[in-house]
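Down below are the structures I want you to see.
You will see two complexes here that share chain A, one where it goes with chain B and one where it goes with chain C.
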Partner chain A sequence: MSFSVTEPNKGTKWFAGVLVVGYALVTIAPLLWIIATGFKSPADSIAYPPKVVFEPSMEGYVNLFTERTRATEDMLEAAGEPETWYEEIARDQGTVISGPSRYGERFLNSVVIGFGSTALCMILGTAAAYAFSRFRVPLKDDLLFFILSTRMMPPIAVAIPIFLMFRNLGLNDTHLGMILLYTGVNLSLSVWLLKGFIDEIPIEYEEAALIDGYTRFQAFYKVVLPQAATGIASTAIFCLIFAWNEYAFAVLLTSGTAQTAPPFIPTIIGVGGKDWPAVAAGATIFLVPVMVFTILLRKHLLRGITFGAVRK
Partner chain B sequence: MAQIRIENVRKDFGAFTAVQSSSFTIEDGEFFMLLGPSGCGKTTTLRMMAGLELPTRGEIYIDGEEVGQKPASQRDIAFVFQMFALYPHMNVRGNISYPLKSQGMKSADIKNKVGEVAEILGITNILDRPVGGLSGGDRQRVALGRAIVRDPKAFFMDEPLGALDAEFREHMAEELRALHDRMGATTVYVTHDQLEAMQMGDKIVVMNHGVVEQFGVPQDIYDWPATRFVAEFIGSPPMNFLEFEGMIGTGGTEVRLNDVPMEVPQSREGANGKLTFGVRPEHVGFDDDAPYRGRVTATEYLGTTQIVTFDTPNGLLKARVPSHEVVTNGQLIGLRFDPRTITLFDKQHGKALRSQGNEGVLGHG
Partner chain C sequence: MMKNTPIEKIASATPDNVARHIRGLSDRSIAWIFVAPTIFLLLAINIFPLIWTVWLSFTNSRVNRPNRDVDWVGLRNYERILTDSDIWNTMQATAHFLIWTIVLQVLIGFMLAFLINKKFKGNDLWTTIIVFPMMLSPAVVGNFWTFLYQPQIGLFNYVIAFFTGADPASFSMIGDVHLAPWAIVIADTWMWTPFVMLICLAGLRSIPGSIYEAAECDRASKWRQFWTITVPMVLPFLMLAVLFRGIENFKMFDLVVQLTGGGPGNTTTLTSIDLKREAFEKWRTGYSSAYAVILFVTVFGLASIYVKALNKVKER
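Right, the complex of A and B next:
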């Protein structure tokens, strides 16, 4: 039988497979539970013992997207037959739909603030990383350390100063304020990550472009950026995930117009504190954009993580 | 095509001086070699000519125009990098046409021009391939294609064969030289390989520690080195140096080596004290009657010739002699040096003394 040093044997592979699948199940189980809860009725969602098999219901989603008022029998009868499937679900609970909920708005806020800050972070981060990588910047090492030091404490530690600053600047509860804040928090990460990626791109490519008759900026734009695409994509994922999931600042600094989804979702649970399906539905929909974004860029992400590990 | 003139060019990187006051002229259409060991300033000199570094001081003229402080993009020159630096996100055609795009050439014209160049280099069949999977030789050809496609005033090449394996280098060196002869373009070529320099160059500049040691045609540099450094750097094995104490007057034709008189080319300057007697290995012959003798310590067989190492009263000496001469270790052999080829060096400064032989050749940098 042949023996190889690098190729693991069958038993090892099998064991590794079991480990990976096991770990995947552990991490994915809460996610599946949230998705399932979104389709349960409120009663099923808090049933004990927990129900794995249940009758699916859209009640959670209807409750998530609508405002409802409790109605008496007379009022229900006066309202006539429900015209749509979601009205019917509302009627079954003894309520009538009085209008759409604010979830859509909050979700849109999250999209604007999350993607906006990510885009800004990428523009500033790439430019700064390029400068740090290519130019003789005075006090370069000190500046890089200083940039990194902004991540040395939990962001919430500076919450009160930021709150006061935002109040004085009129940035409280504004989209611009949240975009700037998340950009500021993420910028250190993106500068450091991107500098690593740009360092790996041989400077000869730019020099070749300079010789070929292009300006420095054109060389950056047309030669360095396409080379750094992998790094930019993986850095963007990290930035987006942070901005998208951020809760503490969002609770503190937003309440109305610019409130993002994370602080809004828990408020859906309502006065009775039993509308878990609506909360789960909100969380499920909230997961989608980051998942799509990550799946779209996952090829880059994997390459990005192992970038520079192998000398080509 | 253009003449390139370097005048008193100096480059400092902080406290480190990479190039000190270099001056030389590259004539129109010349294949010009910048030769020297690593760190001698040859690449920095080339990069200053190309505009990738700006000189701290001095002037660079391309085609009569002073370009020392101009950016690379305005000098109308082409550069071939050691690692080729082909744009990895473009295919072969994209790489070759890139310099033309910056000039705003029409795409139909670009297509024709690229086709023409591909024809010359024999790479028509790979034009639509990505550059990632190309062999070393094809990468080299694409890099050359990118350089020649826009008929620049001059080509600059930074060790372009350095990344190729030995067998292929030979072939590419020939191809490069043939390409140069066909295009007649001024070419400046940086290398640390003295054989490559002598094989390909019309003229050579030898640099060391940021200083131009010698400048001239390959044969003059080989036969009449201006300094000990050049004598040692060029030639394999290098020139032999026999150290002695003695003197020679202006017009003198003889030095005494271990009390044996040795004829040398007529001297044009006098010297006294510690001197070095320089003789190339192929100018050492065996002569049983010769009073100057050496003991054989080693032999290396090289096919048609062999290198015999001697222990002489003035130090180790290597001779290149035909392989059929039978020598054995420990043998004492009389040695004769071809008197027309001798160079004497001042030991302290390492500079060659002017003589009848080298007077037309020397210009100490």
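Right, the complex of A and C next:
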């Protein structure tokens, strides 16, 4: 290895490594705690001192996905032997399962609204970004300014007129309404990010394609899209994560049919107090996909979170 | 002609005269076809509501009473807000939250980035782990921090008690008037420090090694190199991070509303939480619209001044 003054020496690297790993362990602890709490029994979850070693239990997950009613000894006996493992867990708590909880529905809403708005955002966004990148379009230079200023408005502030608008159009508490809303909110960011990615594709590729007799649409579809695939994918993940995590609009504009998981998870309560293992189980199922996406996205993370202002 | 993709299928199914028409489209019309849907949606979701808010702010509208006449009241809403002492308390709570989160996140974030930039083995892996909190849903995270902050049984209280020897049941981070403002600062710092770290890291990595080599030739000490090369070169990045965090935390809602709900009392009632109460609990639509406009103008004004300063630093 060649000598370099900019290469830190071994001791420095060790010291830096130990500090960073230390911070990482502290910062990840609350997340591991959430995941662990999901597998605790309610008694273990509120034990003092907090239990690090515990007997794993699926009670939290069973309570998350089911509605249960308290049953007397006689009723439990009359109900006969439990048929499934989850019924057995419910019986052990002295309850019988009366039906599925609404968590499944809420989670599905999150999936539908998240993926729906991402898909729409990508279709509209890629087309617009291509036009902004390749053609002379009015307002082009004001775009970043526009993006920043729409992000300055607190969501609650625009929620009032959106609430009124949706009420008049019958879009309150509908999947379509939420998909359109999240698309509108994400669109400026995704156009801007995608424009950055498309700008990086040499224009000569398309010119060559046009000379070969491709139409503009074909050149866009066969040359630009494949080249921009990575950029489109990472922008899509950003839109998905935003729609997935969004809370303010969801809590104000949805109540039943189209409610997503973030407003729902905090409302999970058990019999006689907060059912922390169930809350933790709900949070775990909801948060883990985002962690997976973060790993997929790590190379383009910076670009997305700074609205393309910083490119690595 | 190959007919394996949907686009080609559509293309071959298009009648000749229409197809010729599409092929013949000028770049200009293609540009409009590509941009129009986006512009339409942006206008409908972003611009139109904004204009509506401004209009509502001059009226006494209450959307929970649709049959009542809406009267034009001029600037009365603005007058009432600016003379209301509660609003200033809210602003104070927001300022406390804003200043401390930014200070802590900049210090910790920069330090972390500096250390990660020492390129020890496995730094990529640990960076990804550190980044996790900021990608998660703030509402869900806030809800879970209430569990960590529980007196006695909460992990946070336990750890603090373990190191300080205090009784973990003796203090409640979210129930105490003096501790609650710090509870939200800690949770937000935990969540968003990685954001500042990532931007600083990009700044550090953008500094060419040759500058340090030149400084080394001039026998500049490491300490001097840090203050005359590293800090000025990272400053524009750091300022950008502060801009983003500033805007985001000025409109902070989800994390704090789940964590403390604005309480105890009004100690953690940030502007967005106050605005939500006015607009969706008291249903004072006109009043809260004026409130929203004032907030928007404030952020917008502060951000514009800040961006000017940022550009000056960049030019240097």
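Heads up, the rule we're going with is that the second predicted complex is superposed on the first by the 272 of 312 C-alpha atoms of A that agree within 3 Å, B and C clash if a C-alpha of one lies under 4 Å from a C-alpha of the other, contacts with A are read in each partner's own complex, and residues count from 1 in each chain.
One rule holds in what follows: contacts are C-beta pairs under 8 Å (C-beta built on N, C-alpha and C of every residue); 3 or more make two chains touch, one makes a residue touch a chain.
The structure presented is a predicted model; accordingly, all values stated were derived computationally and were not measured.
Following the overlay on chain A, a side-by-side fit with no clash is recorded for the pair chain B and chain C.
Legend: residue contacts after superposition of the two complexes on their common chain; A:Thr174 is shown touching neither chain B nor chain C.
If you stand at the C-alpha centre of chain A, chain B and chain C are 80 degrees apart, rounded to the nearest 10.
In the superposition on chain A, no contact is made by A:Gln93 with either chain B or chain C. Applying the stated contact rule after C-alpha superposition, one finds that A:Thr215 touches each of chain B and chain C. Measured by the number of chain A residues touched, the leading partner among chain B and chain C is C. After overlaying the two complexes on the shared chain, residue contacts for A:Val223 are found with chain B alone; chain C is out of touch. Of the two partner chains, chain C is the only one touched by A:Ala159; chain B is not. In the composite built from the two structures, the nearest CA pair linking chain B and chain C is 5 Å apart. The interface of chain A with chain B overlaps its interface with chain C at residues 215. In the complex of the two chains, the chain C residues touching chain A come out as 7, 22-23, 25, 27-28, 30-35, 37-39, 41-42, 44-46, 48-50, 52-53, 56, 63, 108, 112, 115-116, 118-124, 126-140, 143-145, 147-148, 150, 152-155, 158, 168, 190, 193-195, 198-199, 201-202, 205, 209, 212-213, 216, 237, 240, 244, 247, 250-251, 253-254, 258, 271-272, 275-276, 279-280, 285, 288-289, 291-293, 295-296, 299-300, 303.
Listing the residues of chain B that touch chain A in their complex gives 50-52, 71-73, 77-79, 81, 83, 85, 87-89, 98-99, 102-103, 146.
Those residues of chain A whose C-beta lies close enough to touch chain C in the complex are 4-8, 12-14, 16-17, 19-21, 23-24, 27-31, 33-34, 37, 46-50, 124-125, 127-128, 130-132, 135-137, 146, 148-165, 180-181, 183-185, 187-188, 191, 215-217, 221, 241, 244-245, 247-248, 251-252, 261-263, 265-266, 276, 279-280, 283, 286-287, 290-291, 293-295, 298, 301-302, 305-306, 309-310, 312. Here chain A touches chain B in the complex through residues 202, 204-205, 207-215, 218, 223, 226-227, going by the rule given at the top.
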